Every structure is written in C-alpha cells, then in structure tokens.
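Heads up, there are several structures right after this.
Each of the next two complexes has chain A plus one other chain: chain B in the first, chain C in the second.
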Partner chain A sequence: MSGSIEQYDVAYIGQALPDDELSQVTIPVSALTECRGEIGDFTLSFQAEDDLKQVRASNIVINLKHQEELPVDCCTSLLEAEANLAEEEEPLIIVQDYQDLSAAALSKEGLELALEVKESNPAREVYYFYQAMRFMDNNDELYEKAREKEVIFLKHDLGDLEITDKGKVSYQREDIKLELTGELTVAPELKPAAKLDKLARIFNITRGPEGYLQVDNIYLQPTLSGKRGVYLLAGARGPNSLTYEQEEIQYTLQEVKRNLTGVEEIDEEERTVDDQKCVVCYTCYRLCPHGAIQRDEELNSMKIMPLACQACNLCISRCPMGAISRSGEDEQQPKDERQVIICENSAALAREKAETDPFADTVVTEVPCVSTVKKEEIYQRLANHKSDLLILGCISESCKHLTGHDRCEQVVNTAKEDLEKLDLDPDRVNYHRLSPRMATDLSAYLADWKGEVLQ
Partner chain B sequence: MSRIAVIGGGIAGCTAAAELAAAGQQVLLIEKEDSLGGNIKNYGCKADSLCTRCNLCLVDSVFNQVHQEENIEVLFDTTVIDCLKEDEGFTLITSSGELEEQQPDISEVILATGHTRWSELETGTPEIFRDERIIWASDFEDMLEGRQDQLTGQNLKFDLGFEPESAVFLQCNGSRSLQEKARYCSKVCCGYNYRIARVLRNNFPEMDLSMFFIDMQEAGFLVNLSREDLKEREIDYYNCKPLRLEKEKDSLILHYEDQQRGKMATLETDLLVLSEGIHPGSNHERWARIFNLQENEDGFLRTIWSPAESGIYLAGTITSPGDIATTMAESKTVAYKLLENKLSKAKV
Partner chain C sequence: MIVGKLKDVAEIKEMLPEDIESLLIIGCGTCVSVSLAGGEREANSLRDLLELYYSSQGQDVRVNATTIKRQCDDEFIETEELSIEGHDVVLSLACGVGVQHLGIKHPEKIILPGVNTTFYGRNADVGEWEEMCLGCGDCILDDFAGVCPVARCSKSLIHGPCGGSQDGKCEVDDEIDCGWELIYNRAEDTGQLDRLLEYEGPKDWSTYRDGGVRSHKNPEFFSE
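On to the complex of A and B.
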C-alpha cells in the first residue's frame, strides 16, 4: 500500500527550512490528521481540499511560530516593528521585559531597531526600557554602539514604569521622572505555538510544563523530541528557542541528513507483544515516553516500533497482561547475595568514576532504565534472597526516558505498600536517586548500607 | 587510510570525535593532559531536589564512548606545535615531553581547545582575593563532587575551614569589563552560579543568599532565569555590581549603589563567590598562525576560509563562550558538516 505514496526526506509541519538537498513536503498544522510509522518511514495523513491525502517522510520537523501576546494595547510588537526612518519628531520608545524577562532574541531586535533609527536620525530621542539586557550573537556590540549613539537606556526594575492603554509612558525613580508619548514598540511575550495539543496527540509525545512539545529534559537538547525522528523548532520547542535559532536549525538539518544515511535500533534485544495476550488496553501506548507503540490494526494488538523504541522497558514492566517480552530478559535465579539494580545512565557511570568499585561483592543488575523493574521482580528477588534490594535511579527530572525514574518509584512504593499489608518488612526494598557525578555519595551510602544489614 | 585529527579532549572535541568515529571515520584525538574531560572533568552535579539541567549527565557517556571506540586513537600529554599542508591533507607536528613526532595523513582538523576561566589567568588577581572568605565559583566543584546529600542525606561540606551563614554571588566578574579584558558577556556564569545557589538553598534553608547582576541572562536551553524564580527561592537580587569591598574581622562588607533609592548601601556577608568569565584559550595566537585563523576582537577564533575548502573546523568554546549543551550540539553539527563535505568531495 505504502508503495504508491510519495516519499520525502523530511516533512515540515509549519514553516519549511531553506535547504536544497533534501526533498521536502510542507503540511499545515490545521490539515494534519494522523501520523503512523517511525523514523525513516513515517506516514502522514492530512486534509487537502476535500481529499484525505497521505505522504511518507523519513523525518518530521515541527517548525511553528510562537504565539505573541502584547502586554499592553496601543503599541507595535517588537518582532514586527519596522524602523521608521522619516524625519520623525516624536521619540521612539522601546520596552522589553514589561512583565516577564524577554528572551535574548528580543533584546537583539530591540537593539537593532534602536540603532537603525539613531543612525539615520541622530537627533531623534530613543528610549529603551528594560530589566536585563540579554546577550546572544553580537548583542554586546550592538549594546555598546547604542550607548555611544546616545540611546537612553533605563532599567525599569529600578524604577516604576507604567504604560497606559492610550500608550502614555511614565517612568519614575528617585532621581528621574519622565512622561513620554511617542512611537511605542513593546516586546511581546512569547507563548507556545497554536494547536500544540493536537500535535502532541497525533505524534503521541508529551508536552512540557509550559505547553511546548519539548519536555524539559537534558537528553532532548537542542531540538530533539521524545520521539525519534521528530524535531522541534521555534514555537514548538520552547521559550528560549529563538536565542540559538540558527544553531538549532543547522543542528536539525544535519541530524535529518545523518538519519538519511541510516538509523539503527538502539540495542540488539527484541521486544515483542504477544497478540494473543494483548487486550489493547493502551497502557503501553500511554506510558511509552518515546511514542514507540502503535496499534496493529490487522492483528488487533499493540506493536512496538523497533526503530522508535529507546529500550527503557517501561512497557514490559507495566503491561497488565504480561504480553510484552524481550529477548534479553534473564531468567537466572539470583544468588543469595546483596543485590542492586542500577541505571546505566547514572549509577553505572558513577560506579566507573569511583576510585574503588562501590559495588564490590554485590550482585549488580545494570538496566537501561529503572523503569525496567517489575513489581513481580521485586517480590521474587526478596523471596529468593535473605538480603535487601536496592534500586538506583536518576535525579528527578533527568531521566533519559523522561518518566522512567518516576514510574519506578511508583512501582517501588506500591511494592512497599503490599509488603506492609502482608506484614513483611517494607524497608527491604530501597529506592534512591543519584547522578553520574555522585560517586562519593554512592560509595559512602553503600558502605553504610552494608554495615546496617550485617548487624 | 587518512585520519581526522581532533585537537582537544574536552566535551567539544570528544563529542565531535565520537560522532565521526561512529560514522566509520578514523580519528586521532590529541589531548594535552593525561586524561579526557578538559574543563568539566571534575565538575560536580548541581541538582537540588530536582535536576537543574546543568547537562553534566550527558558528558560521561561521551567520554566513555571515546575510550571504547576502536576508530579513535587518543594521544595524551601531547600538544600540536605545527601543521604542514601537504598535497592532500596535512601533517601535524606534535610534541610530547621531549619527543617531537609527525602525524601524517590527516585529512581534516577539528580544533576544540576550549577556553580559560578567569580564575586561571594570572593577570589582575588583586591582593584582596587572597582571603579564604572570597572564593571562585569553580571552588564549589570539589565540594559538589564530594557531596553526600542525595543518598547519604548529609549536608554539603564546605571546604573552607569555616561554616558561612551567608553568601553573596558576584556576577559579571571577569566579563563585561575592559579592565578584566572581556568586554563581552560570558553568558554562562548566571546559570552556573544560580545552580550553585540552588544547591546551597536546598542544603541550608536558613542561609542568606544574594546575587549581584548587571543583567541576568538566560541559563541555557531549558532554564529561564527570572526575578520571580529567585524570589521564590529566597535568593536576594541586586541589580548592580558592588563598588567597594571592605574586609572586617567578622564579615565582608559590600558597598553598592541602591539605584532605586539613589544612595549608597551596604551588605554584610560571610562568603563572597566570584563568578568566572570565560576567556579565550591560551594558544589562540599559535592556532591562528599555524591553521590560518583569525582572532576576533575578544580573542576568540574564527575561520577565514570556509572549512569545506580549508579542512580546518572549529568546535566548542574556542569560538565564543558556551554552556555544555550548546557546545555538544554545535560540536555534533560540526562533525556532521565535516562528514557531509567529505562525502561531497569524494563524489567529485
């Protein structure tokens, strides 16, 4: 079926990027209805006139403008202001940071505007109200030049700035009192692009706290999304996305090109959903931090997309039917020794950094993410062992799999509750968080932990 | 087979080297010290109860990748002293101790020798800084590396010989000042010290914390500093640079101009933490000479010729100040660009 659908290197949702090497298609966000498939071969459905059309694309770049909100009426947005170079008498008033601090890109716009006006018309007064001048590119130079050209800079966190609905500006501080009217240009507040909720649903990616499609996670920088092959720019990415706009565009284009040379599965294990056991409850679909699970219409079962899968094993540990399995799952009976389950992204790295192995004489299971741990596994380990179990995840909000460490904590907490109900000792299972750079803490803790049990 | 030389084994060089090696290229990584990591080798985690997105979690796996990658040969304790242009590619002259060697068959060079921190520069460190109550922000790294608050639940141990009850962070130190040989804003110090302040706040809820800024900057891709945020964490905000420092027996007294009230005011503190501007690396003159590069006004490097033609690429803070995440992203882009150029050259 897919053979007849046109295939592109990259599909842009929103604005396309200038590049003549990539074959591309642009789909307006309002027309998009569905996305299936995975990196290398996405199929996008969209409304074109009265038809439902489909295209295939190897990569997807969501590049949408921020929504702008002006903090006052009666003014021009700094992002749209054109320098008025006529022999203007009235002053130019530029305001940034009127409510929240503006992004560095807005400082740049403001400085450029101020300079352009001052250079063509030195006699015209230019007032620049701000709280913090934010730097990127050559803002330093522009700022210095603007000062030389006698742009009047006034920090309004050091005084009271008020702008009335009619565009009258008053500024007051101990030694200065100003009442101004003139051409008023104000930095808009940048908000997430429109319709991101719809895109989050279509691509099955989580939105961050401010509503952008990028979750605040270090592993998603600079333009990665939770889903492999889907990249985010500008108003889809985050509040600071304009600061490094050029760098982010370059990075994204190069990533897209690199993906075209081939993408490999993240590990060699195979993860399969047993279609006889799967009841299509969508638990895995909802939990997967990487949008790697889709429904197989023919089998009426969920399926894991092998290239999109980032191998955190969260779906396996949480499937209520036990329908998902992986080839590398070890069935070995644990020995009767102290046991620790560690995440390869934090504790495992800290272990390497420690001077002496903090896990000497401990049975260590290294997992791609602590979300791998099933509740049943905790019970089994405690039943087969006399010793305690320690699980080490990542610092809050720094999980490579976005939610893995929190999901594991939930599992550990329910396990503890269950143990308590059965009148067993809940403290036999421990959960802690650390970062790769906490080798000292880890060593000290383990030394102590061992001591406790020996008594 | 020809090799790509990467000069500098910090996060910029290692990210680029790992990316190139993964694409099947042979890489020669040249590091002047005896281990990888550069500036951030011994940095400590800056999480409070949450990750503060300092991005250090990303780096160790990159260094490990470089160690494990068969396509990368690393020369430690080695510096590059010259570069000879051949008919095709380059030969690098390296020096390691007494030993001078030739590294032939270099097709491209990525220069990623990073920056120097303001505290590392010998010049201009006045007498006043020789006081145990005045420290550099980076002096926290040892304390943070040895922190035992997440697992063991102990408080951060100050490495100072005394327990401060208050601390003042002085931003824009070593930046935005001609006297300090940096008229530019280093951009990263706001976020850096803000994270340290958060760790202190988390460990010592009673401590008085204040920050002096000229202009508060964004603190990376994912963190946006704001006055509200500081207020919430009870970190006092001063919108100026202090003018004078007085050293009393019991405390340090900072004199600053309270611009709102239009008069001088003072602030007492036990500890003064100086931010560190990012300054150009020490060998920029040499790199400019042997690789045909240009020093910009601030002493950072830029290319004169397009790297596609010259084969000389720049990555990391050699070009301008930058944080870990930006540096990694840009270095990856540089590596991809190099591969792309190499591929199109091969086609011709």
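On to the complex of A and C.
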C-alpha cells in the first residue's frame, strides 16, 4: 500500500526552502494530522480539501515563522517595516531592546532600515535607540556607515526610554532629554511559532521550557530535534534562530542530502518489544527522548523504530512489564569491591582526558546512557557486593539523550528513599553529574568518594 | 482505569510476618501495570530490595516474583497455583480486587496487599493520574455537561458549588480544581447551562454503597 504513496526527499511543515536538487512537498501545520515511520521513510497524513492524504518523505523540516509580540501599540514591527518613505518629513524612530534585548538579526534589520532611509532622503532624521548593538555578518560595517550618514544612535537602559500608548517617545539620559514623535518602528519580541504543541504531539518531540521544539542541549545544535530526520528552523527552533538563519538553512539542507545517501542504525544491538507482554501503557512512547517508539497497529503493542532509536535504553529500564529487551544486555557483574557505572558520553570521555586514569583500580561498567540502569540492578549490586555503587551521569544540557540522566536520577532518588525506609544506608548508592570536559572534577570527585567508601 | 500506588516499603516490611521463610510477590499485568504501581518492574525491584533487606538482617528468606496478566480472573492465576502454594506468604501487587480474588482461590494462604488502590482515574501526564469516577452505579454525567459532580467535587455536591471555592480552586485543598467550576465552564462551552438547572435529584444512592454490597449479572448469560 505504501508503494502507491508519493515519496519525496523532504517534507516541509510550513515554509519550503529553495533547492533544486531535492524533491519536496509542503504541508501546512493546520492540515497535518499524523506522522509515522522514521528517518528515510516517514509517512505523513494530512487534510487536503475534503480528503485525508498521505505522502512519504525521507526527511522533515519544520520551518515556521516566530509569532511576534510588539512591546507597545502604535508602532510597526521592525521585521515588517518598509523604508519607502522617502518623502516623509517626520523623523524615523527605530527602537530595539525596548524591554528585552532583541536578537542580533533585529540589529541588522534596524541598521539596514536606517541606512535605506538615509540613502534615499539624507535630510530625514533617523533616531536609533538600543541597549546593546549585537554584531553578526556585516553589522559592524552597517553601523559605521549609519554613523557616517548621521543616524542618531542613542543608547538606553531599562527606564531611560518611555513610549506612550499614543506613540510618543521620551528619552532621558545624563544631559540629554528628548520628546519625539514620528514614524515609530519597534523590534518585536519573538515567540515560538503557533501550533507547536500540536507538532510536539504529532512528532512526539519534547518542547523546551520556552515552548520551542528544541530543548537546550549541545547535541541538538544547530537545527536537530530530538528525533532523527526531523529538523527545526526559525520559530520552531528557538529565539536566536534568525541570527544564524543562513547557516542553519545550509546545515539543514546538507544534512538532508547526506541522509539521502543512507543512514545506519546507531549501534549493533537489537531492541525488541515482546508483543505478548506489552500492555500498551505508552510509558516508553512518552519517555523515549528520541521519539523512536510507535504503536504497531497490527500487533497492538509498541515497536521500536531501529533507525530512530538512539540506544539510550531508557525505555527498557522504565517499562512496567519488562517487555523490552536488548540483545547485548550482559548479565555478568563486576566482582570488584568498588562499583562504578559511567556514561560513555561524559565520564568515559573525561576519563580519557585525565592525566592519570582515575579508574585505574576500579572495575567500571560503561553504558550508553545511565538511564540504562534498572532499579533492580541497583539493589542487586548492593546485595551482591559489600561496596557502594556510584553512577556517573551527564549534566542536563550535555546529555546526549536529553532527559536520560534526569530519569536516572529520579530512579536513584527513589531507590535511596526506599533504602532509608528500611533502615538501610541510602548513601550506598550515589549519583553524580559530569560533562565530558570535567576531567579534573572527575578525579577529584572519585578521590573524595573513594576516601569515604574506604572509611 | 483502576489506578494504584505501590505501598511504602516500610509498611510492606511491617505487614510481613517476622518469622517468614518464603515470600512470593505477584505483579498484575493490567490496570496496575499501566498505572506503574504493580507490574513486573515493580514486582522485580521490590523482590530485589527485600532480598537486600533480609540479607542485611541476616535473615534467610526466599523471595520470588512473578507477574500474571490479571489477578481478578481464575484462568490467569491458575498457572501460578503451585508457586503460590509453595510460599509462606503472597504479596499481591494487584488492586484490592486481585488481592481478594487470590484469597478466594487460596483459602489457606496469607495474601497481603502491596498496592494502595487509589481510584478510577485517567492518565493526566506521564506518571500522573487524576480521579474521574467513583463508580456510583447510576451515571449522571449527561446532566452535568460530562463532568462528574460525585467524583470531581470534593464534597460530591449535586446541586451546585458549596461557596467555598476561589479562583477555580477547591476549599478543601487549593491544589484541587473546583469540580463545580469545571462543570459550569464545560456546560457553558457546550451550550448546556440550562440543563444544569433541570437536575432535580435527590440522586438515588441505592446503587452506590447505600444499597449494601453490590454485584450484578449480565442477563445474556443466565436463563430463568
């Protein structure tokens, strides 16, 4: 059946990008109803006229405009201002950073507008209020030029500048006091694009605290979402996406093209859901940081999409039915007195960078993400060994599996509470966060920890 | 769905007999698995935690865990019959129904509850549940715009709010939404405000606990 559905290299949700090499389809956010499949072969369902249509696409790019909020009424948005006002006599007033600092891209817009006006009508007064001029591309040149053309730059701090509802601008700083009216153009506050909650649901992507589809994490820079093959631009990605717009577009197109040459599974292991055990509770679906789990409608159980899966094992450790297994799960446990479980993306890298191996006399279990650790394993290790257990995870922004390390910490904390309730020593299990760069912290922490354990 | 919460492990430890020699923990693979309280994961980690506890006490207790699909149906528990008989005590992680069903099937066995059966609820977010229904036996949702006054008003008031709610929150606890505000808002949104005035009550509580212990039969399965 899927053979009869048209297949494209990339599906754009929102605005398409110009590119001659890629076959593409554009779907408006409001029409989109479902996304299944994974990188290389997504199937998107959407409403077209009165029909439900489907297309297949190898990649998905969500490219939506920010919503804009103007900090005052009675003005035009700097992003929409047009400078064809050559005949106007009244001054042009450009304001950036009125309440919050504006993105660098808005400085560029403002400078370009100021210059355009000055070039077509040198006599017209142009006032430019700003808290901080931010530089990107050729902003510094534009700024110099604007100064030469006698654009009046006035720096303000919060409170120096008042704009009334009627559009009157008053400015007071040191010995300058100004009351101005004129053509008023203000930098808007940029907000996440509309309907991102719907897209988060359809693509099963976690939204960041501000509501964008990208969370603050080094592994997602610049335009990756948590889900492989789904890219985020502009108002879907974040507040500073305008500043790096061109680079981000280039990167995204390159990635899309690279994906078309083939994608590989992230590791050799096979993760499978036992359809007889799965109770379709959706816990794995909701927890997977990479949106890699879908319901298999035929089996009425969950299934893991092998290319989308990033091998963190979080789903395995949290499935209430123990329905998910992986081929490489090794049962053997270290016989060592000190037990340490480390994440291959942080402590393992920090270890390589340390001058002397901080784990020289310790048997270490390396895991793809500490969310691999099951609650059972914590108790089993404590029961089987006299020594304490140390789990070294990542700091949140540099956790490759986004929420994986928070999830592990939640499990460790509940395990500690339960140990305490049974009058067992909760400090026998420890959790500590590192980044790959923290080699010295790692050595120092281990020295402390060993000191305590040996006591 | 029936929602449950795993009991505090200290309480579980207290309820287990002191001279226990073997314990079988039985998870239930339906409601309480979905509400993350008593499925295989909880059964196995509780087994390992109790093993750790007993070994730290120098006590030799055999702790095993198994999980069956539904503890409230005969056919599923029959497969565990031998195992149940082979242990001193059974700790059931099913809802109260499952615990008692095991007791009926195993009249001489001590069957203990490992889960608090909390309510009939919905999943509000991952790991979060909310009470929606009390099982009153005579559903009146049609009269209240689809929001249950019995379950979602803290006082089960049927004839309007108590007057103590503030900013949409219940006076019993400001973490709780005022059920009557929810009823009113949804009635307004669905154009059914008039309907709220039509309910004349009193509600027939004989289908609830007031009529004593309840049971019912589906007539399609019985002949006169």
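Criterion: the second predicted complex is superposed on the first by the 445 of 455 C-alpha atoms of A that agree within 3 Å, B and C clash if a C-alpha of one lies under 4 Å from a C-alpha of the other, contacts with A are read in each partner's own complex, and residues count from 1 in each chain.
Assume contacts are C-beta pairs under 8 Å (C-beta built on N, C-alpha and C of every residue); 3 or more make two chains touch, one makes a residue touch a chain.
No experiment lies behind these values; they were computed from the predicted model shown.
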Practice problem: Quick one: classify A:238 as touching chain B (first), chain C (second), both or neither. | Solution: first
Quiz item: Just chain B (first), just chain C (second), both, or neither: which does A:287 touch?
Solution: second
Self-check item: Partner chain in contact with A:321 - chain B first, chain C second, else both or neither
Solution: second
Quiz item: In the superposed arrangement, does A:159 touch chain B (first), chain C (second), both or neither?
Solution: first
Quiz item: Should A:433 be classified as contacting the first partner (chain B), the second (chain C), both, or neither?
Solution: first
Exercise. Answer with first, second, both or neither: which of chain B and chain C does A:222 touch in the superposed model?
Key: first
Practice problem: Between chain B and chain C, point out the one touching more chain A residues. | Solution: B
Quiz item: In the superposed arrangement, does A:100 touch chain B (first), chain C (second), both or neither?
Solution: first
Quiz item: Touching A:369, do we find chain B (first), chain C (second), both, or neither?
Solution: neither
Practice problem: Kindly list the residues of chain A that each of chain B and chain C touches, one partner per complex. | Solution: none
Self-check item: chain A residues within the chain B interface of the complex
Solution: 100-101, 103-104, 131-136, 139-140, 144, 155, 157-159, 173-175, 216-219, 221-222, 238-240, 243-244, 247-248, 250-251, 254-255, 257-258, 261, 345-346, 349, 352-353, 394-398, 432-442, 444-445, 448
Quiz item: In their shared complex, at which residues does chain A touch chain C?
Solution: 277, 279, 281-283, 286-287, 318-322, 374-376, 379-380, 382-383, 418-419, 421-422, 424
Practice problem: Enumerate the contact residues on chain B facing chain A in the complex. | Solution: 23, 43-45, 47, 49-51, 53, 55-58, 60-61, 64, 144-152, 176, 183-185, 187, 213, 215-218, 220-222, 224-228, 239, 259-262, 325-326, 328-330, 332-333, 336-337, 339-340
Quiz item: Within the complex, which stretch of chain C touches chain A?
Solution: 8-10, 13, 29-30, 33-34, 36, 39-42, 44-45, 47-49, 51-53, 55-56, 67, 123, 126
